[in-house]
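Input: a single structure, listed below in structure tokens.
Note that the chains take the letters A, B and C in the order they are written out, and that residue 1 is the start of every chain.
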Amino acid sequence: MADKLSMTVMTGSVDRLIGMAILAGGAVAMDMEVEIFLQLWGVYAFKKDVIKSNMNLSEFKEKGEQVVKRMKELNLPMWFDILKQAKDSGTVKIYACSTASTLWDVKKEDLEMVDDVIGAGEWLLKAKDASVTLFI
Amino acid sequence: MADKLSMTVMTGSVDRLIGMAILAGGAVAMDMEVEIFLQLWGVYAFKKDVIKSNMNLSEFKEKGEQVVKRMKELNLPMWFDILKQAKDSGTVKIYACSTASTLWDVKKEDLEMVDDVIGAGEWLLKAKDASVTLFI
Amino acid sequence: MADKLSMTVMTGSVDRLIGMAILAGGAVAMDMEVEIFLQLWGVYAFKKDVIKSNMNLSEFKEKGEQVVKRMKELNLPMWFDILKQAKDSGTVKIYACSTASTLWDVKKEDLEMVDDVIGAGEWLLKAKDASVTLFI
């Protein structure tokens, strides 16, 4: 069985989502499986009407412009493009928390790249077999 | 031996504490044990004189009112009620970091639901047997 | 083989870095190995021209002054001094993410305590053998 990277994504901030996406891409490159569970702000950030326009940062908001400018200079892809590429080339499953989906009043179809809506208990049964578990 | 969910809780923000409490509840529902270690803001948020009044968010502060309103509409319990219920129905141990407790000048009795005050080394000996380890 | 604590450090905020450093120190005290991978703000915070002057907090910015004052009263060392001491007395390896290093235009020599610059894939191969994995 392949090693698995399990990420519980509470954040909806672009800086932390970049970190998450780079880890997902790195895991797929190493033939690891990736499983992601979106909680509160994570579900919000994957909404089809939010994913591309959201520019929230979790830290150093005053440096946001500088970082974005530098990312464009370096032609770095956006976090959702990195994640989409990982999903296309490897095994990346994305789940939305059922409670958070109720809170935002969204279904699977309203969210980008999400494979299913599940509860926290079901998520933990998946997470306990992972080699690497992270809360983002 | 039951699988164990180990959470190191640095945060004192309600959004992240909701995520933590939902994971604790889900773990207990799946017969997993839960161990929690409170660091800096985590100890602050569990203070008896803070736990119910604290409304700090870690992200998207401008959406706080909307989220709280929606949680009331859905009759979702507060994070500490979810955690208390998990503690009543399963094995959930909560430890406060000794350094952080000194910093806030609190003892076990000043904190809600805390079972003991321990050091980081002792905490890591507990964490290393867990199936799922998260930093919140 | 010794148990290993693996921390992926996205944050550049002093409160979360204190938590990270205390965990590293505790792990070394228990004869565990420690491996750290710096992402976006983590690389920024380890820059030689930033590490000592950076006072950013991730949460409760309005309580920053109170916490710093109290830490001085208690003679608590700064996070980088705790980490340096852990590195001197045990096995602590610190890696900077290659993408983040390009973004900040830094080399290993521009960063404090960093042993190497590596990619996310290589990092995950290290992380998957750890007993405790955290995203800070």
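Operating definition for what follows: contacts are C-beta pairs under 8 Å (C-beta built on N, C-alpha and C of every residue); 3 or more make two chains touch, one makes a residue touch a chain.
Please read these numbers as outputs of a predicted model, since none were measured by experiment.
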Classification of the chain A:chain B interface as same or different, half of numbers criterion: different
Copies chain A and chain C - rotation angle from C-alpha fit, nearest 5 degrees: 120
Between chain B and chain A, distance of the C-alpha-averaged centres to the nearest whole Å: 23
Multi-partner residues of chain B (at least 2 other chains): 58, 133-135
Parts of chain C lying in touch with chain B, wherever the complex brings them together: 3, 5, 7, 15-16, 18-19, 22-23, 25-27, 29-30, 32, 58-60, 67, 70-71, 74, 76, 131-136
In the complex, chain C residues that touch chain A: 6, 8, 10-13, 39-41, 44, 56, 58, 97, 99, 102-103, 119-125, 127-130, 133-135
